[in-house]
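After this come two complexes, each holding chain A, first together with chain B and then together with chain C.
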Partner chain A sequence: MESRKRRNTFRRDYQLWIMIFPAIIVILLFNYIPMYGIQLAFRDYDFSQGLTGGEWRGFAYFQQFIDSYLFTDLMRNTFLISLATIVLGFPAPILLALILNQIRRKRMKQLMQTTVYLPHFISIIVLVGMLNVLLSSETGVVGHFMKALGLGHINLLASTSTFIPVYVLSDIWQHCGWNSIIYLAALSTVDPQLYDAAKIDGASRWQTIRYVDIPALIPTIIILFILSMGNILGTGFEKIFLMQNPLNLPVSEVIATYVYKIGIISNQFSLASAIGLFNTLINFVFLYAMNTISKRMSETSLF
Partner chain B sequence: MKKKVNVFISFIVITALLLTGCSGAGDDHNESAESPGDASGKKVKLTALITKHPLTKPLAEMEWLQKVEEAAGVEIEWQEITADWGQKKGTMLASGDTPDLFIGPNVITDADFAQFQGLFQDLSSMLDQAPNVQTMFNEKPDTKVIATQSDGKIYGLPKYQRFWPASASRQFINQQWLDNLGLGMPTTWDELYEVLVAFKEKDANGNGNPNDEIPMDWPGGIGGYFNPAVLLGSMGITLTDGSGQGYFVEDGQVKNFLTDDRYKTMVLFLNKLYKAGLINPEVFTHDYTKYQSIARGEGDTAKVGFTWGWVASDRFGEQLAPQYASMPQLKAFADYNGKLSWSYDYYSLNYGPNHIVMSAKTKNKEAAMRFINELYAPEVGMQVLFGSIGPNIKDNGDGTYAVLPPADAKMDPGTWKWTSTMADNGAFYIPDSLKLTLGTDMQEVLGQSEPLEPALEVDPDKDVFPGMFIKYSTIDNNTMSLNNTNVMNLAESSFAKWVTKGGVEAEWDSYIKESQKAGLKQNLEIMQKYYDDYMNQN
Partner chain C sequence: MLGKGETVVEHEYTRKRVNGKELMFRITLAFLCAFIFLLVAYPLYFIVIASFSDSTLVSTGKVMFIPKNISFFGYQEIFKDMRIWTGYRNTLFYTVFGTLINMLFTLPAAYVLSRKEFRARRIIMLIFVITMFFNGGLIPTYLLMKGLGLTNTIWVFILPFSVNVFYLIIARTFFENSLPQELHEAAVMDGCSHFTFFFKVALPLSKALVSVIGLYYLVGHWNDFFTALIYIRDTKLQPLQIVLRDILLSNQVFSSGAGTGGDAGGYAQRYADQIKYGVIIVSTLPILLIYPFMQKYFEKGVMIGSIKG
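Entry: the complex of A and B
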């Protein structure tokens, strides 16, 4: 029964299948096939024997990472940075979309949208360069401003307490506009009759947002939230690595940068693979848990 | 509809055919190009990779190199790398797709030889084809020790450049500021403190603004060249090659200054300077370029009072260099009577391990060896380092040579050298018997090293860690590099915190315990074992 249904879909929707065929190939080629390299996390890397030839070590490299001196620091830093990014960064594009949606004049709205998208296209190295220039305690605009306010020499880039705020806020500034696109798209599907009905009932703007816009966004929000939980331990690498310096290292050393130092700089491929796989597993567990919770509570889910 | 699909599919098939067709043709082309080279006695084609300085001009434009390739009967296709070799190397070696020759400072490390076994050519059995290399091994036996792995194989050949001073770091103070303020040259840390306070509070550079002077600066972090770690010499610690990770030798013991009480004393002193506003507030966040450019000042106005560097003309620019004086080592305390020391870097400055390495897959190893032999000839060696005879070196005709000043008068000699040739990154041997007059930059380096000579009167056999001569096993090497990553993570952040905010005394004991946990104890045990073995053999 089930298999016949499947055969039917190939016959009936063959045009659709052909259309996504290249995408399937790409994902197979670049996402699934390389997964055989995961075994490197369980065996020694022996150049002369190739990727699969080293001695089988089981969970030894995972054990080494968990016993490692930096383990708790790495986990805490990675978790804190991603949590802050999610907690502060997740609602920001929703708010922005709701506000943009309130702009009545079409040209103005388009102008605003383009303006808030633009920072998304700044490359990370340039962005961190801008941060270095602007936030420099001696020569930067923000440094001068804080001196004028009598806050003294605070080097925002070189303090354990300001690293996360600088990281998260600059991230929101850069990506908030871009991420709001999907919410704006969801809002554009709201039936205009609902707005008319709300108006006739005498709803204020605030009440329109509360009872029309937000309910329309809920399914999108849930899906995106589940997806973001898959990144609970995924901080990205480049931006943190570029922002690191000895003074913020206690809070800025995360799994991604440590894997780089171990794997690429010290050539310890097996240990680095084990750490990477460990990180991915935790992300997957969070993603799965959130999906299950959401399925039970609201019947919206990824799978 | 069906027709369109067919068109689409045939399009894909054709594209695929075209792609495979192209790569197939490429392979054929390669093979046909290589085979006739040997048979007809024409030049042998080789591929080589060099990690060169970003300023260095393309290798095809170096006259001496053309002559060397001519003499060896080879034609080399160069791949020239100027940045991030450390990151590119791992992937290149892991893929096994390598050029015939690698040139550069420690371009392939001993650890790489151990990890990528079978990828590199053992040269020990081919040395009879390279008499110039054998001459180097005979005249400077240290080079042979550096080259030989623990199992007797030789994968990489070292360089020997003879002329460099015993230390990379020199200590500079702005003599003109001292004169402007009527102060004497400091000889102890306390006197240094007084001088730096005067630099800060008064208008030392005389431009009317008493607030634009930076009394003290370094590139950031702890350990390495041009770093305040040299002040540990004020209490008798002899650093080796800057001791980037803290290791040094004292009384036959391998130690690490990061957990030494004298280091704590130094951190306290630096914290005192920082609290008084005497250290550049951006010292831990600026990059090397900014560190260099700020010391160049503005026109005739110097900005930095006290700092470390290779040579004054490089550190401060030709215009400001005359304002600065090279200083002898300071005493930690006025009543300190122990020995004064410094960072002893003679071996790492004059010798370098693995400057040229051959791939085991090289098709014509004899030709590659001929090229290596030519590079190590004495007259070629000096041209590798200083540039071609003609534009860069004058041949006096009586067997003596002189390094010429830059053709462009605005360029400093150091930049000229790095622009013209492979310089220190090349593979070469300069015998002690070669009669070569050095350029003004090297004379300046040697002159500015003189004040440090008393502090550098160390016994290289006893007071210096022979890092370059010790070959670790792969396992020990991996353990040590992992531990060092952890130890330095803790050390860098603690040092930065203690200097800027203080607190070293309260946190010292727990810091020592943490360092041991991070693997310092294990590393010291490993290094001690190898050190003892090495000392017993020699």
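Entry: the complex of A and C
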């Protein structure tokens, strides 16, 4: 009886199965098989035995990474870059959304939005290329501005002290506008009666921002903050990789770029997998911890 | 009489005081907006004017706000450079073909997962969502691609990760909210199958969604550099982004050499820079051209996504 019913729903839904079939195959093949391959972090890589056929080594590769002389540098660099990105990059779109939300003239607002969203669509290569030509101390426009302001010659791209500021500020430049959309969406759902009530109470626009707009954003802020904490060691690979040069390498080598170099370039697959997994686990611990804290304190949480 | 005059003055004074506060706010707001606008727009504007101004004037800081001694030397060099056009052709192919496959795999699946009567939808959804939080990492994925023989083929741009789970959820939410149950029931009464309902009813009703998802995928393919960096060695298959890296960044060594070197180095560097400005424009132009028309859809996409997010 039960099995016939099941067969009937399958016959009824066979077209649905056909429609979802490619997606299932693609997800299983390209997402789940690599997950199964994570065990490479605990095994030797044996070319003849395939992805999971090598000898079991336990935590040997993790130990090798933790003992290596690069370990502290990599952890520090990754952590500092992420932290700077969160500390400076997280509040920026919130402020921008609050500012944009205050613009009353519709066309003005539209112009501002069009402008600030635009950099999001520039490719990372082009962005880093722009940094290279604009920040050049000899020929770049920023170099000329700095000379005019008497700040002298600093090669912003090849110095250990300016790498993180340049990285973070250009990241804000590129994505702040785009990231503000979600906050603008949250602000657009504020009940207009609240604004009217605030006006009747004689609230100035500063006070309206403080007591109406910001509280309306809190749930969105918390969720996005938890998510960004879950990425504390998740610095993007591409931009850092492209911004690296021998002079800034002491501060710009992060876990992701190191995994690429020892894995893809020098073929130490097991060690690279172990480092990658180590990174993922730390991210997950942070995500989980932040989620728990937020659940206790504000009853807003991801899971 | 005097008293009357006084009240008028007082009245105006209070009104002005309220306005004063409001005026302060407006001035601050206008100032902030102008500052943000310049901060975002100026670098873009500068690259445009630098790409067709005389390179000597640009490199010595004489060109700041208006183009001077217009010269199209950079663009002439770019049009002669075959690498760029091969890259353009490859990227165009990967983008068009890849986006088609993306849409063909994502939209029907999203439709299926939006159907309440589809019994496996919860478990399949779970399988999909897990991939947003966990992945195998770079190395196992790389070895898989190698094992499948996808490295150094055009397929590596098209097949892997052709279903983006985040966009799938956006599409599913959209279908759930915009296709009323009664509509489907009425269609079934008329003998409409899922295939016909999807193509004849669901898709035509979801033009905004299709544009949003299509554009997200399209921009993703156009700007994708990672795939080629990891999986492609064959120069004939290199997309535009890799060619851009060669032109914009791999000349880094040369660039710092020129900075410290003599006049000859500086001379070559000036021309190299003008080509770079031009290349930035030429490679970003297609995205910039569709951008203004699609901006409202982009925003809509984020909004649709944020409902569930």
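The working rule: the second predicted complex is superposed on the first by the 270 of 303 C-alpha atoms of A that agree within 3 Å, B and C clash if a C-alpha of one lies under 4 Å from a C-alpha of the other, contacts with A are read in each partner's own complex, and residues count from 1 in each chain.
One rule holds in what follows: a residue touches a chain if its C-beta (ideal position, glycine included) is under 8 Å from a C-beta of that chain, and two chains touch if they have at least 3 such contacts.
This one's a predicted model, so the numbers in the text were calculated from it and none came from an experiment.
*Asks:* Where does A:I122 make contact in the superposed view: on chain B (first), on chain C (second), on both, or on neither?
*Replies:* Second partner only.
*Asks:* On the A-aligned overlay, A:S301 touches which partner chain: chain B = first, chain C = second, or both, or neither?
*Replies:* In the superposition, A:S301 contacts neither chain B nor chain C.
*Asks:* Quick check for you: in the superposed arrangement, does A:M112 touch first (chain B), second (chain C), both or neither?
*Replies:* Once the two structures are laid over each other on A, A:M112 reaches chain C alone.
*Asks:* Counting residues of chain A in contact, which comes out ahead: chain B or chain C?
*Replies:* Looking at chain B versus chain C, the one contacting more residues of chain A is C.
*Asks:* Once the structures are superposed on A, label A:A158 by its partner contacts, choosing first (chain B), second (chain C), both or neither.
*Replies:* It touches chain B and chain C both.
*Asks:* After lining up the shared chain so the two structures overlap, which partner does A:S137 touch, if you call chain B first and chain C second: first, second, both or neither?
*Replies:* So A:S137 meets both chain B and chain C here.
*Asks:* Using the touch definition from the top, say if A:L249 reaches chain B (first), chain C (second), both or neither.
*Replies:* first
*Asks:* A:S68 contacts which: chain B (first), chain C (second), both, neither?
*Replies:* first
*Asks:* Just which bits of chain A does chain B share with chain C as contact spots?
*Replies:* In chain A, residues 15, 132, 136-138, 155, 158, 245, 264, 269 are touched by chain B and also by chain C.
*Asks:* Within the complex, which stretch of chain B touches chain A?
*Replies:* Chain B residues touching chain A: 1, 5, 8, 86-87, 90, 93-94, 96, 111-112, 115-119, 220-221, 281-282, 284-285, 478, 481-482, 485-486, 489, 492-493, 495-497, 500, 514, 517-519.
*Asks:* Going by the contact rule at the top, pick out the chain A residues touching chain B in the complex.
*Replies:* Where chain A meets chain B, its residues are 15, 18, 45, 47-48, 68-70, 132, 136-138, 153, 155, 157-158, 245-247, 249-250, 253, 261-262, 264-269, 271.
*Asks:* Where on chain A is chain C touching in the complex?
*Replies:* Per the touch definition, chain A meets chain C at residues 9, 12-13, 15-17, 19-20, 22-24, 26-28, 30-38, 40, 50-51, 96, 99, 102-103, 108, 111-119, 121-126, 128-130, 132-134, 136-139, 141, 143-144, 147-148, 155, 158, 173, 177, 181-182, 185-186, 204-206, 223, 237-238, 242, 245, 259-260, 263-264, 269, 272-273, 276-277, 280, 284.
*Asks:* Residue numbers of chain C touching chain A in their complex, please.
*Replies:* Within the complex, chain C contacts chain A at residues 21-22, 25, 29, 32-33, 36-37, 39-41, 43-44, 46-47, 50, 58-61, 64, 104-106, 108-109, 111-113, 115, 117-119, 124, 127-128, 131, 133-144, 147, 159-163, 165, 168, 193-195, 198, 219, 222-223, 225-226, 230, 241, 244-245, 248-249, 252, 255-256, 258-259, 266, 269-270, 273, 276-277, 279-280, 283-284, 287-288, 291-292, 295, 298-299, 302-303, 306, 309.
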